[in-house]
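The first chain written gets the first letter, and so on, giving A, B, C, D and E; residue counts start at 1 in each chain.
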């Protein structure tokens, strides 16, 4: 919505029909309302899993975008459907400069199966990108690539790291730390020891587990797709931010903000 | 032939059959509960919670297999839509289970969680009454039954049979799966129902509940076997087999095959639904993937492996395939599809009568009497008679 | 943003025709700033300079090859570095070199700057692109530039675009006459964004002149009419496109099931084989013939046919031939085959989807009026479906093998009794069907995912097409595929994709009840036997 | 109950067009399915029946009337339309045009196969179609005239009377020693007889027999002729046959079909001397 | 040309062919007579390899090139030189007449020309070349079936009841054609018939079948004397 982000005034919330996109878009809609965006400037659309024919939807997006205001797409399309979606987007002539797409579930791994030419400039929001430059990340990538080669993973020479992998990596280490602290693998004791654990993550920050809600405090990055299937970080938070399991933009969650 | 019904029912099965049934009942209702509750975990005869649930699950599958066999083995109609009826039964009972969660869900509201995130403020009309156990039972039987009846009525009335019927049942199931994947449909979309807490107020994870569900599954299987036995030995069963072998002849002697097929088809669907209703509380989840084409076709392979046109065959097949699945997916997950794939091919090519047929061939003292279990129509000819190929096509066309 | 373009263009206006100066390194230093605003300003300045040096820098920036190193702004291609200001190559690449990040906002600015420069290019196509690019963002301040360009423009196409652009600007003019002619000119537009400009002008408080209001109303009607036509064409096109995909997915099955009567549940996996064959060919081209990568698809067509046909031969020889005349058993056995094929693909290529690129000649599309774009890959696939159809028709009707296949289908034992090796014909016919499925897979790889389980998604659709069309009827399959594609797309317009699909499936189920023989039933006595 | 309207959904003209009916217009008769009205002695009436497949006219304005109790032979070269005619009568094929009445009131073109069977028409196919996996006894039992609805079948048990009736027919068709053998194992001739037996169990008013003695031994053929002759009077029989000696043995009226319509009709001698018949059939 | 020895065949438990032995000599018409159901068609199906022989042998050929075809596949027998005109014609209904005739050349290389003799014999086929086989009348179909069998120039022509359901004028044509073919001396002909007059007028040799056995055989001219007509009539 900022000038930096393209000053979008209309939003297409496009997702695969399951819990995550539904919930995300519910929060997004509430957030957009709070910023004064009207319902008529929000188009919400869901496709089934594995949907592969995006012709009609893209035509609808174009129509929606042609109403004169700058339009952005927030995509929570999951998995396989992304390839046909982006291919269709490119072929229909919608460039990132016209209608940028911000994806919440497209990462480096997903882009391995995609011809990235038509995607240049589209965006993704994650807590980690492989392109982040810091020693921890370099070591992390190296370790994974070595492992993949050693274990003959198909296409081992082109393996990539991504946010979910980083999250798992962090999670396992924190669990190990908590086990050491609790001196037990008993679930309840480990849970008790989990809160407040910290770990120097490949994302370049030292992450902390929230003491009350056991979510991680993480940085947020926005990256633009590059031709090689990697992301160019174009925006990031200054420091890790606290996770809010109950969105403040949804009515009824006011009492839960401390959680 | 001129004996009263009850006697006929009793004599419809040889004494050995009744004995086997009694032993099975004893094991399921006394042996397993005792082994699960009383024996310490260290005992070699102890039955773990995992095993009870696994067996309970496979018993439900066995019911589905027998139901499938009634329609495929005895009436020659291969359904690729039984996964749908199974799932509908599961959804019917799942609605009740969801309501039993009450305010224990993650939003703490007296609405299923998925409705909360969809911003629904109240239950949609088709959920009305779903908090009643009895109404849930009605739903379990009535919805799949009505769907099967309506679909079957139109399909059989149009004389759709053979592969055509199989393909449109698959289309039906596929359409239903797409429908249930939608969140707007009101059944939890992709995630379906899960996180069940209790049945009739009792904790669903307690050993007693586990054993009760297991015992009920065993009871349902026995009931289905007895019912099947009665049906196939009755005149109804003979008409059914006659329809399978020569439908036009049956019509010309004055039977309306439509109603016969419709009866067995609807019954089969309802039995599947009952199995589904028992299955869901045992595995703790129901979602639309139960309606995928692969699931329905797998049911057919249970029947084929065991031996179609027999009642015990499908039970054996369900156990063999599902135990193999449990084994492979744990030990060699990458080979499971190879195993299943070759099982499909091998059984159709080399074991047309399944394990039971093999058993009979190997240990036959006397040839199987025809009245007991008419063999399936399409026996592989010793000489591949390719002319049939055309005939079959004509029939399909 | 708009003001930025304006400033670029105004600058251009002033500078146009003046002697051009070398680039001042100080101008470029702004790129070193962390602040995007300053970087944008530099782009604006470069646009004003508008010479070859400026263009070079802008292009470098666009291609991610502008970098800061050693305190200078450099053009860096990964090996050697050139001083951006002077164009002189540096002897050594500085150690601290860091590529400049471009975001969408900068990209937009670059494009605007370049378009402004290009408006006076000698190449009419370049001018056309530039004019099109500038048309949407026109306002009162950019108007003079466009008017100037319009005045000197000779090329008709560019002239037309510029006229529309100028008219958009003039719509807000103080002179009623200008507004009137603008409104009249805009009636020829097919751009929906013009509607957004025109609609407020219907209001008397915005537009005091009644004549202009009437012209505006006319223009709106005319544009809407044009958009409606374009929209309808677009929907029909998407329907045909979906139909041709269904057809490609089903044609192989129309042979194996329709003609030979084999219920091949592994048909989807034959599509997958074709798609993976395409993927492998692409890989080989990338490795050994990188210069001809765009031609890989042409090579993939015969290869995907042959590979799938070979798999078909194997299937027929090992399993299917023992199951002729037993459709339900062949259904189960071929389902088993499909599982084996899926797992084989998984083992060979990994469980993830693999990347199959569109050749560059299949990217982009033909822009019709307004928003309607006919993407090249879809156009090509419609053409390809027609090609495969003709191929099959020729194969079945004009070759000896085709005649044998038809004869065997009609009367197997008699075909043997006139000397047709029926078993071999079966194998060949199945191989052809499988090969055609492979061709389908090759086409599908261009628009959909290529992965081990991709075939499963098509099997239901493929059977529906064949069954609705009527078994044994190629023409039926064509009508069914196109019909189902169009119905699905028209429905999708107002019910959404899922409901459209469900409705189509239910429609098919009902249709089969009414016409179990499909659209094109074979009639006659010989059907009965 | 489960009445299916004919595909066109149009009432055949015959219902409104009764004044064209042979004999006086029978105003007293209301259309009642299932009640056979033989007031004009005609049990089966085909009027201008035409059936075409893909342009080929299998039946071309065929007219035929069979009297109650009559034994009629239909002969004709292959492709003359004999089997199609049977298909029309039994509801397997719907005629493109024309009327087909059973008695005075039962419109066969509007009924399904089982309804026609219930109305009292039994049919024997050219190739014996019996239930090969059932015993001979069961074959007859299934064919027996009784309530054939699902619910009854579920709880059906044979009464002594019914048992005796099956046994009687088994004796009549000389299969009493083969009663418990699966029918699939019987010889060709025995299968033909079994199918005739099934027809008898149905107690039909009209029997349609398509080449009933094909593949029978001479002895069997002779006995079949005797059986048919004995059935005539009580039942009406329409026999399609090529075997002229068999036709002669039956001794009834003979109808010659050719290219979908009646070429000649009369006793065997008349027909055999008809020039047109000699041309197309006998004198080949 | 064709030598059948001790041929046996069963079908569904009943013994259909019992120790059949006979020969079909070159350049002659051998007629096989018998009533319905005596096993004639089963015999021909066994000769064509449509059903495997249970016991016995079938040899085909002349002089030094006699081959054992007892186990050969149908198309191999055709390749060896046997042309077959089945009962009920069995032309390919959805192929054109021309294609049907070309099917007769299936055992030959694709370049083999269509012998014009067929059209001389049955001129009607030339007029009907573009029509679908299924649209022809019975008689025309019969001529087509014979033409199809003749296309590849067989050394043995087997005809199964070619007069069945055919109008007299065409029967005359067929009779003439068979006579002409035999007269060339290049072909052995096995004619299976129930229609006595037709068989008698063509037969050089005759075989009479009853219950799977050949109960009478002899020269064609002796047929009346041997009482074959009476044996068929019963």
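The criterion applied here is as follows: a contact is a pair of C-beta atoms (placed from the backbone, for glycine too) under 8 Å apart; a residue touches a chain by one contact, two chains touch by 3 or more.
Here the structure is a predicted model, which is why all the values come from computation and not from measurement.
Chemist: Counting C-beta pairs in contact, which chain pair ranks first?
Modeler: B-C
Chemist: Going by average Cα coordinates, which chain is farthest removed from chain B?
Modeler: It is E whose centre lies farthest from that of chain B.
Chemist: Hey, which chain is the most central one here, using CA centres?
Modeler: Chain closest to the assembly's C-alpha mean: B.
Chemist: Whole-Å distance, chain D centre to chain E centre, using C-alpha means?
Modeler: That pair's centroid distance is 35 Å.
Chemist: Measuring centre to centre with CA averages, how many angstrom lie between chain C and chain E?
Modeler: The separation of the two C-alpha centroids amounts to 62 Å.
Chemist: Counting in whole Å, what is the centre-to-centre distance of chain B and chain C, each centre being its mean C-alpha position?
Modeler: Centre separation, chain B to chain C: 45 Å.
Chemist: Report, in whole Å, the distance between the mean C-alpha point of chain A and the mean C-alpha point of chain B.
Modeler: Between these chains, centre-to-centre, one finds 42 Å.
Chemist: Going through chain D residue by residue, note those that touch at least 2 other chains and give them in order.
Modeler: 54, 56
Chemist: Using the touch definition from the top, which residues of chain B touch two or more other chains?
Modeler: Residues 157, 178, 181-182 of chain B touch two or more partner chains.
Chemist: Send over the residues of chain C in touch with two or more other chains.
Modeler: 410-411, 413, 422, 498, 501, 524-525
Chemist: Inside the complex, what are the residues of chain C that reach chain A?
Modeler: 1, 36, 64, 101-105, 107-108, 111, 191-193, 196-197, 234-235, 238, 241-242, 245, 349-350, 352-358, 363-365, 367, 370-373, 375-378, 447-451, 457, 489, 492-493, 496-498, 501
Chemist: So in the complex, the part of chain B that touches chain D is made up of which residues?
Modeler: 1-5, 8, 157, 231, 234-236, 238-239, 241-242, 245-246, 248-260, 263, 370-371, 374-375
Chemist: Note which residues of chain B are touching chain C in the complex, please.
Modeler: 78, 151, 154-155, 157-160, 162-164, 166-168, 170-172, 174-175, 178-179, 181-182, 293-294, 297, 300-301, 304, 334-335, 337-338, 340-349, 352, 378, 380, 384-394, 396-397
Chemist: If we count contacts the way the header does, which residues on chain D are in touch with chain B in the complex?
Modeler: 2, 4, 90, 92, 112-114, 117-118, 122-123, 125, 129-135, 138, 141-143, 145, 148-150, 153-160, 163, 182, 198, 201-202
Chemist: Please name which positions on chain A make contact with chain C in the complex.
Modeler: Residues of chain A touching chain C: 3-7, 17, 45-48, 50-53, 55-57, 59, 62-63, 66-68, 80, 83-84, 87-88, 90-93, 96-97, 100, 109, 112-115, 117-118, 121, 123, 153-155, 224, 226-227, 232-234.
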